[in-house]
Structures are given as structure tokens and as C-alpha cells.
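In what follows, subunit A forms one complex with subunit B and a second complex with subunit C.
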Partner chain A sequence: MSDPTSTSSPQAAPTTVAAAPATNGTFSDDLAPAPAMGRRRFLFLRNAKSILGLSIIGFFVVLAIVGPWIAPHDPNAVNPSASLESPSWSHWLGTSQTGQDIFSQLLVGTRGVMVVGFSAGIIATALAVVIGVSAGFIGGAGDEVLSMLSNIFLVIPSLPLIIIITAQIEGNSHLTIILVIALTGWAWGARVLRSQTLSLRRRDFVEAARANGERRWRIIGFEILPNLTAIIASTFINTVTAAVLAEITLAYIGVASLSDWNWGTILYWAQSSGAFQQGAWWWYVPAGLCVALLGMSLALINFGIDEFVNPRLRSTGLNARTLRQRHIRPRVGFTPVVHEVGASGDRTKARKEADHA
Partner chain B sequence: MPESVLTGASDETILDIRDLHVDYGYDERPTHVLRGVDLTVRRGEVLGLAGESGCGKSTLAYAATRLLPPPGLITGGEVWITGADDEKRDWLRLTDTQLRHARWSDVAVVFQGAMNSLNPVHRIGRQLTDAIRAHRPHTSAAERHERGIELLELVGIDPDRIRAYPHELSGGMRQRVMIAMALALEPRLLIMDEPTTALDVVMQRQILEQIADLRARLGFSVVFITHDVSLLIEIADRIAIMYAGEIVESGPARSLYHHPRHPYTAGLLSSFPPLHGPRRDLGGIPGSPPDLAALPAGCPFAPRCAWADDHCRTDHPHATKLDDGARDVACWKPLTR
Partner chain C sequence: MKNLARKAIFFLVTAWAAVTLNFFVPRLMPGDPVQSLLTRYQGQMSTDAIHSLYVLFGLDEQSSLWQQYLDYWGQLFRGDLGISFYQFPTPVTSIIAQTLPWTIGLVGVATVISFLLGTSIGAYLGWRRGTWADLLIPLTTFFSSVPYFWIGLIVITLFGVIWQVLPFYGSYDPGLIPYPDWMFISSVIEHGILPALTIVLSSMAGWILSMRNMMVTVSSEDYVTVAHAKGLPERQVMTGYAARNAVLPQISGFALSLGFVVGGTLVMEQVFSYQGIGFMLFKAVGAKDYPLMQGIFLIITLSVLVANILADIVYTILDPRTRKES
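The block that comes next holds the complex of A and B.
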């Protein structure tokens, strides 16, 4: 037994062993635990912020789909005898000056808001990805041209531009509004994506792919785009928010077609009929609340994405409530100390006692 | 290196880590990366900390100095460090201000790849003396410059280079500047985390000799972290071997090298060829390092150990003193001499 080599059992080949200290390169100094796969897959959905945001969005999506069917009244039906009625059982959110049912207008109008918001968001994000990533990846003259283009769109005040364009186009349908908002709203995302692509382009794994002779589209699609997922997602959410706000603004100032209901149209009529002066809060408050709720849910999703993409936050379940409960303040340079393991080393017991205290 | 280097060490402890527990992750299912580590470093002693990648060597050093970045969390234990004023303090109970005062003057750390931490736009001298300015604000610029030159001479760099920028120095020189910087406030304890890993063998040798020489002259203690056990045999007085977040064996360097008592130590030592003495077969350790998130119930090394029996697989061994207290081994069936 005195021979130290006898530790190795006969089946151990020296090759497997000599490399032992180096085998787990990725494991080395970053001891961050790798949670079980099942736990990691739906982590985005475990985040309270994203759950709340997604639930609100889901609620509005359902309303957008079924709204026109479940609306109790025709939103356009004028009923002079029921002018400016406050909320009641027959009119849940009261009526307008012309006796139109506000609740029905709100339900019918949700579809317009969601369709325009998400379509404009998708188109603008696609534009941003195409222009931003190619500008960042191609570099040189192509980059100059594309960057100049996005800079121009960045400095143009977009709302006046949208108003002018929309006012010029005959019969401004949803589609026109979508296109106008998308065309004026892509530049910010393109700029962010370009910077990130510039940084990614010089990283070793991209250089390695290039040296391997991979085709350009493959490098972009397989090496670069997956690294941009989070930025693309948050760009999308931001553009949707901007699109919803732009659309509602357009409707509110009366530039968009007033025959299509959306929350902005409700606000337009409320404003032009002096609902505020007449104390008809039920006319403008619900629409305003819906806008605020939708905006909040989009912001919450963005926070959720933020926490999800930061691997440090992701792997630790760095969740404000847990940290508060355990009195942990994570900081670099001052590792938090919780004296949970008692002198006996009995972890569970110590934890339980801490809970009781 | 002869055993006589041990004479540099006294009985006074500089660093005393007791039952240190560290988790990674703040949620309900953290990974326990350090599970009750005890370690002492005496004054003037060089303690080598060795083990496979991911066994918790660096975590131990950073947790003891409270430098572990999130998601690191110290869940229990005590870390007593003797300061410059001979006062013993539990670093896990220090306030932020106390911690800031104690760092660098009581304990200095040379980080892994530290030579890349030099700011490229400032001269070496300014960066060398920055800590002095922060800790002793009453010193004059001339005094600090004087000290900077002294420090450079200490690590064998021409004092002219005090006006050099980091890019004008070689990797080895920059590493030595970092060591000089760590010594700026004459700490009693120097923690070196793989200080020579990025350097070639010749430079490694020079730096090791430099450290040994400085230790002999200035009398500080060193915790030397490496995965290269052969290095430790050269420089360390005592060696502690870590496995899966525990210290499985610790003892005087030479006796540990010649007579390992823990099967893991024996495996580690037989993983590289001896440069001197009789040839021996290269063995090693079968299997791969354990997953710290899913450790076996008994001895963590049992699945890879040739001597493991049912007892090893069910009961966790605790460190016991062997060889008249000179050796600590956490094994149910330590190897005999």
C-alpha cells in the first residue's frame, strides 16, 4: 500500500488521468452551478415580472380577438336618449354624449391597437435587424451608408413626420398607419444592433467561424444572431410600445381614420366633446388606463428579458424577495455573509431556526 | 527545497479559517461549493493549496477575503486574520469600512492573470503607489515615489522602469510589478492565486524564487494556490489538498509528497513524473471531478477511489489528525506509510 501509484485502479489509462486537472475547463473558476435542464428551460416564465407582463398582454390579445363579438352594443349605435350616462348595468362604462356604449368601443378598439402595435413592431424590428446587423457585419462603405440612413431617421422628429405622411395619404387604413410607424421607428433598434454586432464580429468564436471558411450568412445566422436574441426581443417590445403610443396619438389628434375604433379614437371624441369639463370620467379614464396597462405590461416583459439574459442573474435566481428575506445585498468586493450554518454544521436546522426568528 | 525552510514559520497563526461554508446561488437550491473548510496559516509560512480545477481553491481564498463575486454567498464559519496591529479580527463580521482598511494592509492578493489588471494609460509608479496614497494619505509624493522605487528593487526590476507604461514591460515583469504592488503596505499575508500560470517555465521559476526570497526577507505568510502540485513541493512549507470543496489532506510539504495518506493526494502526486529520484509509474485518478451540485452521500471521493468500501459510500469522513498531529486527513481508510 505504500506505493502511491496503486491508487489508480487497473482500468485507468494514464491518458485520462494526466489531463485530470484540465479536463473540466469550463468548470474551472466559474463554479456557477448548472441547474438541471428542466429548471432552466422555463426560467423566463418563472420571473414574476414577465409573468405579470405576459398575463396582461395575454388578456389584451384575447380581448383583441373576441372583443368585437362580446361587445354588448354596437359601438357606433347612437342613442340620443342615453347621452352621457354614468356606468350602469346596461352600460358598464357609461355612454358618450351621443349615447354610444363606451365599454363596447373599448372592446372593439382593442383589436386595432394590438394589430397596429404588433404589426408595426414586427416590421420595424425586422428592418432594424436587417439594417443594423448588416451594417455592423459588413463594415466599410456599406456600414457608412446604412449608419447614415439610420442616423437620418434618428434625428427626424418622428411624430410630426408620421402626422404629415398620414395626412397626405388618402384613406389611411390600418395598413398605412402600420407602415408609416414601422418606417419611422426602426432606426433606434438598428443602431443598438449595429453596435452589438460590431463587438461580436471581432470575438474569437466569430473569427474562428470565418477562418473555418463558413459562409457569411451562416456566420450571421448561427454565430451572431443567437447572441443578439435578447436585444432583438427588447427592441421588439420597445417598438411595440412606441407603435401603440404613436397610433393612439394619431387617433387622439384626429389624424387617423375615425371610423376605426381604437383607444385613441375614444379619447379623441371624449376630448372634442369636453368630457372632462362635464365630469364624464368614465369616457376617458378606462381608455387611458388601458394604454397605461398595456405600456406597463410591455415594460415588465422588458425587465423580465433583462433579468433572463444576464446569465449571472439567471443562474442564481437573483430575485429581490429572496434576497430581502435572507438579508443578502449582492455586491462586488463585499461577499455577503449569512450565518446560517450553525456550529454543529446542521444546515437545515439553522435555516429553520432563522425562519422562526 | 530542504525541510529547513520550515524554520521561517512560527507558531503564531496569521490566518485561521474555521468551518467555512460557501454557496453559489442565492435561491433555495444553491450549490454548496465549500463545505466546512478549516485551514490555518502560521506566520512566515508558505501554504500551498492544490486540487483539480473546480475543487474550490480560488473560492476558498476569495471567500476568506470576502472578495467572492455574486452569486457567491458565505453561509457560515469564521475567518480570523491577524492584522498589522496584532489584532485578530473575524473578517466575516467586519463592516465595509473596516474591511476596506484591513485589505491590502493586512492581506494582499495577487490575482490570477493579475498582470492584465494594470491600467495601460498610467505609469507603473503611479499604480504601484496608489494603495499607499489611499491607506496613508499623509505620506508625501516624494515618500511614495521613494517607496515605489524600493518596491521595484524588491522584485528585481530596474528602478528606472517606475516611469514605464505597462505595455513597455514583459509579462513576467508585469507580474512582478503586481507582486510588488501587493507588498506595498507590508501585509502579513499574501494570497497568490495561480500567479505563474500565464508565464513560461523560466519565468515561473524566477518568480517562485523571488517569492521565496521575499518571504525570507520580509517574513510574510503566503497562501499559494495552484493546480500544479509539483510547483508547491518547491515552494510550500505546508500543502493542503482540496477535493470537492473540502480539504482532504494537509501536512508538511515534503512528508505529504513522499507519504500521501489520502488516496486522492496519492493519485494527484502520481499524475506527474518526478524530476529527481527513482522513476515511478505514472498513475492518476480515474473518472472526472464530481458535480458539486450532486455529491454522493459518503466520501465525495469514494466513486473514484480504489479503496472505497460501503462505509466510505455512506458516511462522510471528517478530518482526523495522523502522524502525531502533523497531518490532517479526511479519509476512513488512510494509506499507511
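The block that comes next holds the complex of A and C.
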């Protein structure tokens, strides 16, 4: 089944997802004929930022799988004679106060971080899609109730809520932490998806499907959802980021179970043993940098999606490069303009130029 | 007017939801830990205090859930949040009253600084897009991806341990008596610098990125082109036309992300042992002091709600479209 938007409504507003693929081809291949459907669809994957982000994520996924096998030491093995050693050949990232190998703890801990982050992200995104899309699609009183619900969850600070819930459960497993993070983290995505569904709901192609007598679930599943793909992806990325931060924070303050290693657990032990007063930077700096690297890669993917969704952000970067080559200093009021020649449906030629106001 | 009524209803419903959540969370959990703590302190507590804890935690098996709910509300209106186990037998409300001003002072000042600074930097970066200014974006992404507490640890290592320029423990010099004279105030300010710096560093990045994106979007609007075509000075177009419009989503974003910022700063307080409500929450978690945890959560949520109302008022003042309806 082909993408309904690009065939039936190429003239949609430029800032929506639906329209993004329509203007896409014009930028990627300068003055060349618009690329084929399939290529346009994977344009997102040709964005340098998202490629870099996805590669870093891939690296961490591999670490999460093989980490426990390639760890050079047992992360729990205590060795009093090697207390607080700085990085060396036998201990790449030094040792803790009890002589545990930090590098191995980091490797073993990757799995916990990734499993919790991604599972919570998946559940929260599913909730956001169900709640957001149905709120936007059904409208009326149902919409009022569901948007009120998501706004309430947005205003209530989630971290204290997660803390008081997990603190009251004895013996936290990964599963409870995943569920608690997911149940408190869906609201933002639901809000964004709702507003996007609202704008899609009255588009011509949806009306056409309705006039054809399509059933409601079919309209949602085959007309609405494909056009929300980019936003769902970015919601997923955001919820994973938030879940990773929440999980590491929980481990750091000692609410999550300390028997499983994750990067937050390392920071917990570093803080409680006063690592920073003793100058043992190797104990807490690498774990934080790993969190930062993971977060940055997720953010990079999101930038890629953003540029894919909002053509103005994308054209800015491309225009800037062109202007730099021509030694023009970008200044106020230049407006990137895409001229679509042969407007309706036939987008074979396109031209881009930067107007100077 | 209709808009205002909607807002009022929303805030009331949210407050109700927060209280109800606080009522149900301990009831959905296995009640044994509270029960065991209660039996431990049985002899030392007045029957009134025991009764109030029974109401708060739903240990009162005889009455129906609805009755418990009504009792709970009644108790809240009397300002009774139970008794802390950790600082036995201090009422939870007085512990919160001691710690909340510190947090509101620190987080409030730091958040406002970070918002103003981040929005201005973001406006500038968005205006100068495509130049060297874009190089700052990876840096801001880095700061927005790391946990607040880790930045706190790094800040302590640099300023407190290596250079030893500023204090990083507590909220004032322990040798001083809390009295509003210059010595005490300067000590408070000195102790607040590093925590505030941490909050500004970690929360500013989000404001920079969203403001930059809004500026990029707004800059290609027709009114900006017109303003420029009129020959207005660049500065005036940037601040009076582009930034002025780009800042509106920033403010509604400010209201909504406040919950997140507050969550981050609570943990940050623990890093600096800053005697605010977050540090107290951390201690309560460590000591399994359930009444204190519940009370702190309720107060944090209500404070965020009040801050939201304030942000809403500011938004109404700034955006004429919202006032037109009334």
C-alpha cells in the first residue's frame, strides 16, 4: 500500500510531517529529477546527524549484548590490595575503593541501562500513541478528558513521583522500574501526537477515506498513523532519553536495586565513598560520559528527525553551506524558498534559491 | 473569560489529581513497612498522631475506602501531613516549612537566570545560524544529555576540590547562626553559587536549543522580511520582530518543563548536601520515612502547579491573542 499523502495531498502545509516527503527530494538532489519513492522514504537515513547518532546507539547495543562476556574482570570481585588505582593496563579505567574494576562495571552495566531505557521507551511510546491519537481523532468530550489527563501528567513532576513509588516497593526489579518510568513518561508524546492528529483529521485524503466508508480503525491505521511516523519516532527517542536519565538517577540515589550494575550504580558507589574528595576522577567521569554519549546520540537522531519534519530547519543548514561557498554572510531576512515547478502532483523539477530581502 | 475559567478548572483538577495520587500510592503498595515502623514507635506516639498516620497510609482497615478518602482530605485541610519517622516526632509540615524556602530560593533564581540566559543565547544563535554560532550546538546538546547530578559532581571536583575557590557543602557556613545580617547572607550566597551554576549549566541547553529552532522558523516569516525591507536596524528586527514572536512557545514550554527541571534539581541538592526539600526527600528515602516522602511529593507538585499558574499569567500578559477573547 502506497503512502496516501504523497499522492493525494502534495500541497499540504510545509511544517507538517505529511508535507515533508513532498519537498524532500528537491533538496537532496540539486536540480536533479526527483528521486524515486523508495529513496525519498529513506532520506532520513541519509542525514549525517542521524547516521552518527544511530551508529553510536548501535555501538551501545552491541556492548549491551556482549558486555558481560568481554568484561576483563568480575565487576563484583573485591581486591583490597588494588584500592583506588588510577587507570593502568590491567585496569583500563582504574579501580574503586574496594579494588573492583570500573571498566568491567561499565561494560556489564550497559545492558541494564539499555534494557530499561528501551523497554520503558517502547511502553511509554505505545501509551502516547494510543492516548494521543485517539484524543485527536475522536475529539469532543473524549478528547477533553484525555488531553486533561496528559496535561496533568505533564505538570506533575515525574521524578519525585517515580522516587516515592519505587521507594515503597520492596526489592525493585528491572520490571517495576520500567513500568513506573513508562507510566509517568508518556504525556509529552501524547500531547504532540494529539495536535498532529488534529491537523491530519480533516485533510482531504482522510475525508476521502471516510467518504469511501472505511472503518475507523482502518483510517487510523492506514491513513493517520503512517503520517505520524516521524513524530512517533521522535517521541520514542525522547522517552528513551528520559527513561535512561530517570533510571540512572534512581540508581544514583540508591532507590533501584544495587545488586544489578548500571552506570548509575557506579556513580552511587563513587559518591558514597567520596570519590571526588579523593580525586578518583576515573571512578565517576567515564560513567557520566557514557550517559552523555548515549544522550547525545539520541539527540542527534532527533535533530535528524526534526530536520526531516521541519523543512525550514533543514534548508537552513544547506543554505548556510551554499552561502559560505559564495562568501555571503548570512544575515537577517534571507528566506530559503523552494520553488516547485509544475505544482500539482508533478514534482519533476525543482529549484532552490536564497532570496535576499 | 472562557479561557480563564478553563485554566482555573485545569489547575483545580490537577491539584485534585496530585492529592488523589498521593492518597492511592501508599495504598497500592504493600502496607507492611509503615505498619512495622508504627509498631516500633507505638509507645512514643500520641494516639492522635497514630490515628493521623493510619489515615494517611490506609492502615485503617475498618472504614471504607471512600471514608478513608474523605478523612484524608479533612486531614490535609487541617494541614496535618503526619509525623516524620526520621526526625521523630517532628510533624512533616514543619520539616517542609524549614526546607522549602531554600529550594524555592535556589531553584527559582537559578531557573529564571537559566531561562533568560538560554533564551537570549538561543535567539542569537538562531539569528546567526549557519555561522560559527552553529558550533555551539553540539556543546549545548552535551549539557542537555547528562544528568544534573553528574554536572554537580564535576563542578564540585573543579571548583571545590581542585581549585578550592567555593564551598560545596550545605547552604551556609555551619559556624553561623541563621540571622539576617550581612555575614550570614553573604555565606548563603557563597554556598549557593555552585548549586546554581549546576542548575544553569544543565537546564540552559534545553532553552537554547528550543529558542534557536523557533528563531529559525520565525525568521522566515513574512513579517520579518517586511521589517527588514523597511530598512529597520538589524538589531531591532531581531529583538522586536523575530525574538518577540519566537519567545511565546518558550514560555509555554517553560511552564511544562518545570516539572522536569525541579526533578533534576532535587537530586542536585543531594550532591551539594543543600538543605532544601530535595535533600530532605533523599534522606527520607534512605530512612524509609514514608510520611515525609508523601508530604514532600505533595508540596513539590503543588509548588510546580503554582509556578505554572505564574507562567500562565506572564503568557497572557505577553500574548495579546489570549487576552482578546475576554
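Points worth noting:
The rule we apply is simple: the second predicted complex is superposed on the first by the 268 of 357 C-alpha atoms of A that agree within 3 Å, B and C clash if a C-alpha of one lies under 4 Å from a C-alpha of the other, contacts with A are read in each partner's own complex, and residues count from 1 in each chain.
Quick note on the criterion: a residue touches a chain if its C-beta (ideal position, glycine included) is under 8 Å from a C-beta of that chain, and two chains touch if they have at least 3 such contacts.
As the structure is a computational prediction, the values presented were derived from the model and not from experiment.
In the superposition on chain A, no contact is made by A:Asp204 with either subunit B or subunit C. Shared-chain residue A:Gly295: touches subunit C; no touch with subunit B.
In the superposition on chain A, A:Tyr252 makes contact with subunit C only, not with subunit B. The residues of subunit A shared by its contacts with subunit B and with subunit C are 312, 316-317, 319, 323, 330-333, 335-336. Residue ranges on subunit A touching subunit B, taken from their complex, read 1-9, 11-12, 14, 16-18, 20-25, 27-29, 31-35, 39, 312, 315-319, 322-323, 326, 328, 330-343, 345, 347, 350. Of all residues in subunit B, those touching subunit A in their complex are 19, 21, 24-31, 33, 36, 52-54, 56, 58-59, 62-63, 66-77, 92-93, 96, 99, 112, 227-228, 259-260, 263-264, 266-267, 269-272, 280-286, 288-289, 292-293, 305-307, 335-337. Every residue of subunit A that touches subunit C in the complex is listed here, in rising order: 15, 148, 151-152, 154-161, 163-165, 167-170, 188, 241-242, 245, 248-249, 252-255, 267, 270-271, 276-277, 279, 281, 284-285, 287-288, 291-292, 294-296, 298-300, 306, 310, 312-313, 316-317, 319-321, 323-324, 329-333, 335-336, 357.
Of all residues in subunit C, those touching subunit A in their complex are 10, 13-14, 17-18, 21, 25-26, 29-30, 33, 127-131, 134, 138, 141-142, 144-147, 149-150, 153-154, 156-157, 161, 213, 216-217, 219-220, 224-225, 227-229, 234, 237-238, 256, 258-260, 262-264, 266-267, 270-271, 281-282, 285-286, 288, 290, 293-294, 296-297, 300-301, 304-305, 308.
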